[in-house]
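Once you scroll down, you'll see the structures, which are given as structure tokens.
Two complexes, one shared chain (subunit A), two partners (subunit B, subunit C).
Up next, the complex of A and B:
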């Protein structure tokens, strides 16, 4: 038998980082979009080119409207997400640690979690009025359930041998919770934050579209009603940037708190 | 300190795991618990360490722990049980932080434990950066830092490869000979038991009962010498005879359960 080199057959199926690929693809997409708009291939009423959207954004900033809408939305988002997260963490911890809380909490959460929370807004408006409280409560409710589920599942996933180890060294229960359970559950809790922040953003826009004068959701709806598609898309861009900023912030938080991974 | 088990029995639901265990671990001795898989060795160790409540019987500590002992009964875990978010030094310090020590004393205890286990230069490493053998060294350092009166070791070397196991066993033996801490060493490895123990308590298959206690009246330090080879072989043969049939039946039982 003659000598033949062994053929390499192990190509692919090993993801490699490709720098700037996403950025380049995004730039190409924007360029095509801009060209299509300027060349009259797409009606600017239905899809204005990126440069028009950028101008709309600049105008909004100059008029001070962007800040007004953003600050209203940020207020609702921060309070709604903060409240839902705080109560969700407390309930999730209780369910993760105490059997009685879990026995009571799991059926409640399972029954109420599937309800689309935006459907409760009319009821919340009846209870709390058309002001900020109903919108904040809607967001808080939407954030509460995924936070509870993520928290108690994360506590459940903390290896029991670590807890037994702490107990074997005589750690008081408070130390077991603070030094073992909480850090052990943190990856799961932070993953839950990503989900709950996305839900908060969706509910924010929905709630503002239903009953608000200011806020990005309200602005997008008003622009749509007036066929101002450049302003409508400017609002969508702001929402996208907001979502991206929240994701980046949470990513940094994970990097900082979970550097041991 | 002496650790005494009086009439220990344990069951998980309908499953009898341990029955009629009466056993005294003498001060300064290393007692190996040897037996087939599922015979309740680790359960018995958990009961000895107060991590499991026995269905019946009790465990008693006799004598006073030394004043320096912060955690008289201390565990070394099979899977190391290290906190991945803490460094090597942080993992050792975990055992001390709630003891009200001054920072100087705590740092000194951590440094001493790390030095005794040759971990000083790895004090700032995270567990994921260490090999299995090094991780178990951290587990041992953590146990040594509290100056235990009774050391309970739950198959501490079983998660390691053969080479690392041999190296760590010799290191552990040196440490143990220097302190002669009362120890209970759970293993299913005959060679580990023969190398380390003063006495070997052989348990039967489930429900685990004491089948025989074999005293090895040869100092650990001389067990590796050529002169000791014949005695070691005799003990090995006797112990293997004791556990072989039990292990075979236990294996079939485990297979049936699966």
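Up next, the complex of A and C:
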């Protein structure tokens, strides 16, 4: 046996930020897509090339409709997601902390989560009308359940020994919750936000099936109904950009709130 | 049946044994048609059931769809060679880009044929919504932007000379959604298919104001195919249309006759044809009998109305400007089309 020091081999698969890889891959994909359209390999009805989609977006902007669609959708997203998240957090916390509320809540969540919200639209219209309330409720319903699940699962994942130690040292319950449970559960809750915000975007289209004249979802629906495939994809691009923006925002929020890690 | 002599039968047998290639060439040509389970597709069901296509050497597969938009898409994507449905803005957007051509007519809204109702909620009726001309400035539920309902509203606006932009069109996507909004009184009126309209009036949710057929007759639907089929399989297209028109003639003879007072006359093979259509659309015969459309016995189109439809959609900015009405119709298969614009 030599006394040569063993070199460090346990590098793992540590992800390093690679700056332009995603952008480059995206650019190549767009170029191939555009070429396929221009060269007539794909019919523009089946898959409009990116330039046509960009033109549809530009037209939307020129008509002043883009901002109108965005602002109406933003209202529904903010209130729907906010309401669903607020109620979901409350329910999730209750289920994470108290056994009785968990015993009640878990079967309810399991039974109600898988209901496709779109099948409830006629009922929602009867209950809440065709104004903003039913649209916000559609999104809130969709956001509520994953938030509940993420929250109580995150509370479960808080190390028990930390909580026990706090309790042993005579920390008041409110402090245990605020200083141990909440920060410990926050990473899981924020991961839940990523899922619930995407669900809110997905449900935007369903929500705007209820007699919406403006909104990105309404625009996508109308383009589909009219078989204007370039406009359809333009709407999808806007939804994707919204998703990216929300994801980036949540990333920033995670950085700030989880600095203690 | 044709009497077949023993000698001819033997000769035929001999020929088929000696030359199987010839028998193969006589095998029926395969084709397909996309349809909805609606009585307006009646000519297709009649032609299929009574073997009119088989007589012409065609083996036609019926492909069923559930929404009017799906049929032109299926013909565009080559999943069906022919299609019959109502004409929508989506149809013209596909057709105008060279994917589809209209070759014969389907249903037409005609006086005395209640197919689509203009309805008012009780509350709106109390407030004075008594006729479709009062639709100006109201909130009216439709399925989708660009649907046949949307066009019917446009026709009403033109007839009574009000601005369609003054009507708030509320697109609710599905009939159940429309029904819910109507019963909940969140809109002033809807356009509803006859069976739904009668049901809503019967349970006291609202009033039928008028029928689109009486107010504004128009070319509701058409038979169409792809330009590719016309170019490469013209013979098949001709035979398909011939069989379809035979079905249309039967349908017309059974259901579309009226006496001098406009009352329905039970036509040729009424009961048998009705039960045939009822089986195809999977509805009870009484319900089907309520909503039998007018179908031209020779498959002729109201060509001028197709031009008017394209113009209406383009004015509403829902069909692209490049679309030219003349390019979406092929008038060469059916003779005697009506109202053909000159030039």
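Quick note on the criterion: the second predicted complex is superposed on the first by the 237 of 261 C-alpha atoms of A that agree within 3 Å, B and C clash if a C-alpha of one lies under 4 Å from a C-alpha of the other, contacts with A are read in each partner's own complex, and residues count from 1 in each chain.
One rule holds in what follows: a residue touches a chain if its C-beta (ideal position, glycine included) is under 8 Å from a C-beta of that chain, and two chains touch if they have at least 3 such contacts.
The structure displayed is predicted, hence computed values, not measured ones.
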First, second, both or neither for A:44, with subunit B first and subunit C second: second
Touching partner for A:167 - first (subunit B), second (subunit C), both, neither: first
Partner chain(s) touched by A:216 [first = subunit B, second = subunit C, both, neither]: neither
Partner chain in contact with A:260 - subunit B first, subunit C second, else both or neither: first
Touching partner for A:130 - first (subunit B), second (subunit C), both, neither: second
Touching partner for A:122 - first (subunit B), second (subunit C), both, neither: second
Residues of subunit C that touch subunit A when the two form their complex: 69, 72-73, 76-77, 89-91, 93-94, 97, 99, 141, 144-147, 168-174, 176-177, 179-181, 183-184, 186-187, 318-320
Interface residues, subunit A side, partner subunit C - complex: 44-46, 121-123, 125-126, 129-131, 209-213, 218, 221-222, 225-228
Of all residues in subunit B, those that touch subunit A in their complex: 49-51, 71, 73-75, 77, 79, 81, 83-86, 94-95, 97-98, 126, 128, 142, 146
Residues of subunit A touching subunit B in the complex: 159, 161-162, 164-172, 175, 179-180, 183-184, 186, 258, 260-261
